[in-house]
């Protein structure tokens, strides 16, 4: 995948329109993991908008994000920084070698307590 | 001009309804910019595209027009605030209905042309004439009746 | 149905006798068993010809335009589908609601004598309906037909319920039909343009401009029709020998678009058997799909789809694209 | 039968080079109604017009067709020509054979043929033309201003200055509006009351101005020049004519639980009160929710102490009806509700306040007599944090998508004033952008930073929370890529502003259009910015869009100029090309009225004689002074009873037919 394709892919996966960002920084203003992040939530949006996906893929911050969604909740422009981080994280996971979850793994996992939807999303998430 | 009805040298007759405030002025601008379009397009000035009654459109076809195009201000720019929104619904429903009757959909068109869009006016007319020419003479709309001995 | 009829008769008598209403609008026996006609009953005496049976398909709502102008109150029997037309006419200020007493009556689907005759039966003297079975008595004996095959086109897809009632006479629960009323329209849409053209050309060529569709249509209630008005520019004149019927039917369908309640009377009365309701249903379907579901006559208030708009409405070319 | 003259213009070579003008004139000579045809080099010239005039007289023409340039160019010219020769100006039709023909076609044969068709189309139309005359409607020489804030005050003063009577309808007990609540104004830092209250007094003293305070518009009928407005005068339980404004009642009133609206509910006020010291009219009002006498029947202290005998507990709402020629809407704004913004803790913390509340706290006549004390404990705050764009530029659905425009400037003002008065205070401002377009505006903002040392932080606050009595403000500092935590004593939110909610009702009453944010829509964003699309209705102040005081005042004066321009006329000429319904064909179905953007169509019950019978019918009636002639109604009318003069169905049909003849 080219950088451009990767960028488009992350944008699509995140479902967020990074051009809507007005660079207010409210996301980073609220982020509880801010100090642990090498790239801050608002920078995820900004760097993705600039197409600097490689920096994001190398970021340690994708592992520090707590997915608390405070940034999504607070954004006045309905941009979702956490979704961008999640999309970058998924991209990294998927690139780490083949499918992370096989169809045959599913039956033993099927437990009445696990929502079907969760399995489906996990399957979608950990596979190419 | 001699009557040419063969498909080969067919020259369609087009009636264009233009609203006074935007599209008629757009047509004027096309004129003053010398942006040509075929002479078989003849414009009728109406105050607003919402003045165009479907009956006018059908009458044109009945009388032998090969294509009818309605031009108005862009949605939101109507001189009368809301006129073209009504036009849009009316014509959307009428055109879809004509299509349902099996009448070629390229014979009707609704376009938004502002007073500044002389080039668009000319381009739209050229394109519309080309499409109608390709369809050939309008037989369907002028007479739907099954003829004796058919 | 007999029970319903006797209850209706009973109510009509009481209303007339008490002077509560000046007249009752219902159906009167015709020359045959299958041609009852709409009638106004002004005295108990006149009620001797009152009838309500499986051939009472006529929509009585349009008569109320004139009746509500008369002195005194008018009672009317309305089937579910008729109440939509009634509402629409109230909305358009054509009927004075206060002067009408609406008695909602059950319908159970009406029969199409044309379809019965098409089954090869003639000289029909009576019918007996038993669920899906219809026993048809004729001078030449009895035959049993399937009801589905001989109901009026408008009843075949009807799931309407009473929208207006001042009182009701409903004794049986009507089965809910699981049918798509747009199936025929969809079938036409699936055809090629040429096939559609051929279909409509054949159909509309049958038109003899008898104006029955216009006269029966509750939405076509103009005091003066454009086709009768030389000022309109569309009134038929001797030199209009082309495209005349088509123009008439297109304009008619357009004029009732957003107002047509799909009562199906146009097709019922057409002596040439033209499926005129398929013209109106196309508009209904397009409106539903493009501007959101809308049933004319469901309310006696509010705008109709063609007298309102949204800034985000589709362009005509996109409506065509969305369709076929 | 018409007698039509056809005049084909060469337009020098503009037309004549491509169109054989003689052939055109010749071709139509025998057309229906045509009795004369001619060509001329420049038909619009003095000589060309003379040619037309002479022909009209010599040939007793009843209609003319001019084949020339676009009607948008010279239709008015030729109409005047016709009128000068005694022919009704609407008996003129133009065939556009320049812009729509000679200029776009190269082939002379083709262009000539088309020109003939275009001229014939115009002939077909003129055959059906009927003389039209512009109607006249009288103008009531009185204006109504809805809203008594600075916009309404300015508009009223300007209109009165020109000698016209003006009524100001204000829903509150006093005029003054939001500006009266403001402490100082940017960028000059004048005291707001010092510049506003003299204007309020001018209004009260101007004999042309009638202030209807504590009143609301209930109903509007009529049209430009001729509005009839029903106004509700709410019961204030105090006789306006008798009350001297001595305030003795306020002292004696035992019910002191009402929240002082003027001070943004930061303190209490008695049940009988005058909103503020310089109120106009300076008359008390009783809050029926708080008044013991009105609620229980016992008390009546104010009546006892009132020397003027002004108190009247039996007062009822009254309705008055007045006529106006023009209406100015100046309903103003309010700050948005902040309930949706939990992150700033406005509802939980008393010391999180809005900027308008701060204005009152800073004001000498405010709840703290102008001393900066925080609401919770009356302590002097040492660290103050301002947050801009609270609810502005917000597309998430919580706030408003637009920029409220005034917040950057007033925040700079507040920051500066605090730093000046209390130099020991630390002031931080969180900003997304600082927007300061305006004369001396950026200089003003820079002064706050450079001269007063206000700390501007580029970033936004994510959370405000209370920790041990301190307000912890957590936000981002994007310049330093840091997350900051500021321990503050007071947090001030620059809340977005929105149109005063009552404007919706006003817009409906006036059939004035309103946008999705409840701002009234102007007729043209650039060229008619103070006029509503509804004729005779004008817009001033924030009801049309966010703006500051100088802009509001300019707009109000512009409105006044428009109103004066209207009121000086004794009669208004109306466009004769309007819709009208044929009574005998009208169904009265109301469909036409539902598409009319101007509310020009009403219904009347009328007795008609049809076929020898008399019938009472409901019939559409178009007000020609209001109708603008778009024709939307004509297509909605199924019976064709509704038609448009000058563009009748029959005329358009005849044009269609002519074109289709080829």
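Structural remarks
Residue numbering begins at 1 within each chain, and the chains themselves are lettered A, B, C and D in the order written.
Methods note: contacts are C-beta pairs under 8 Å (C-beta built on N, C-alpha and C of every residue); 3 or more make two chains touch, one makes a residue touch a chain.
Keep in mind that this is a model prediction, so the values were computed, not measured.
Shared contact partners of chain B and chain D are C. With centres taken as mean C-alpha coordinates, the chain found closest to the middle of all protein C-alpha atoms is D. Here B-C and A-D are compared, and the pair linked by more C-beta contacts is B-C. Relative to chain C, the most remote chain by averaged C-alpha coordinates is A. If you average the Cα atoms of chain B and of chain C, the two centres end up 36 Å apart. Centre-to-centre separation between chain A and chain B, using Cα means, comes to 51 Å.
One simple way to say how far apart two chains are is to compare their mean CA positions; for chain A and chain C this gives 59 Å. A separation of 47 Å divides the Cα centre of chain A from that of chain D.
In chain B, the residues touching two or more other chains are 54-55, 59, 82, 86, 90.
Shown for chain C are the residues in touch with two or more other chains, namely 226, 232-234, 306-307. The set of touching chain pairs reads A-D, B-C, B-D, C-D, using the touch definition from the header.
Partner chain A is touched in their complex by these residues of chain D: 343, 389, 393-399, 432, 458-463, 474-478, 481, 483.
Residues 1, 3, 13, 15, 20, 24-25, 27-28, 30-32, 34-37, 39-40, 42-48, 50-56, 59-60, 63-65, 79-83, 86, 90, 122 of chain B touch chain D in their complex. Those residues of chain C that touch chain B in the shared complex are 185, 188-189, 193-202, 204-205, 226, 232-234, 240, 242-243, 245-247, 250-251, 253-254, 257, 279, 282-283, 286-287, 290-291, 305-307, 309-311, 313-317, 319-320, 323-324. Residues of chain B that touch chain C in their complex: 54-55, 58-59, 61-62, 75-76, 82, 85-86, 88-105, 108-110, 140-146. Every residue of chain C that touches chain D in the complex is listed here, in rising order: 69, 91-94, 221-226, 229, 231-234, 255-256, 303-304, 306-308.
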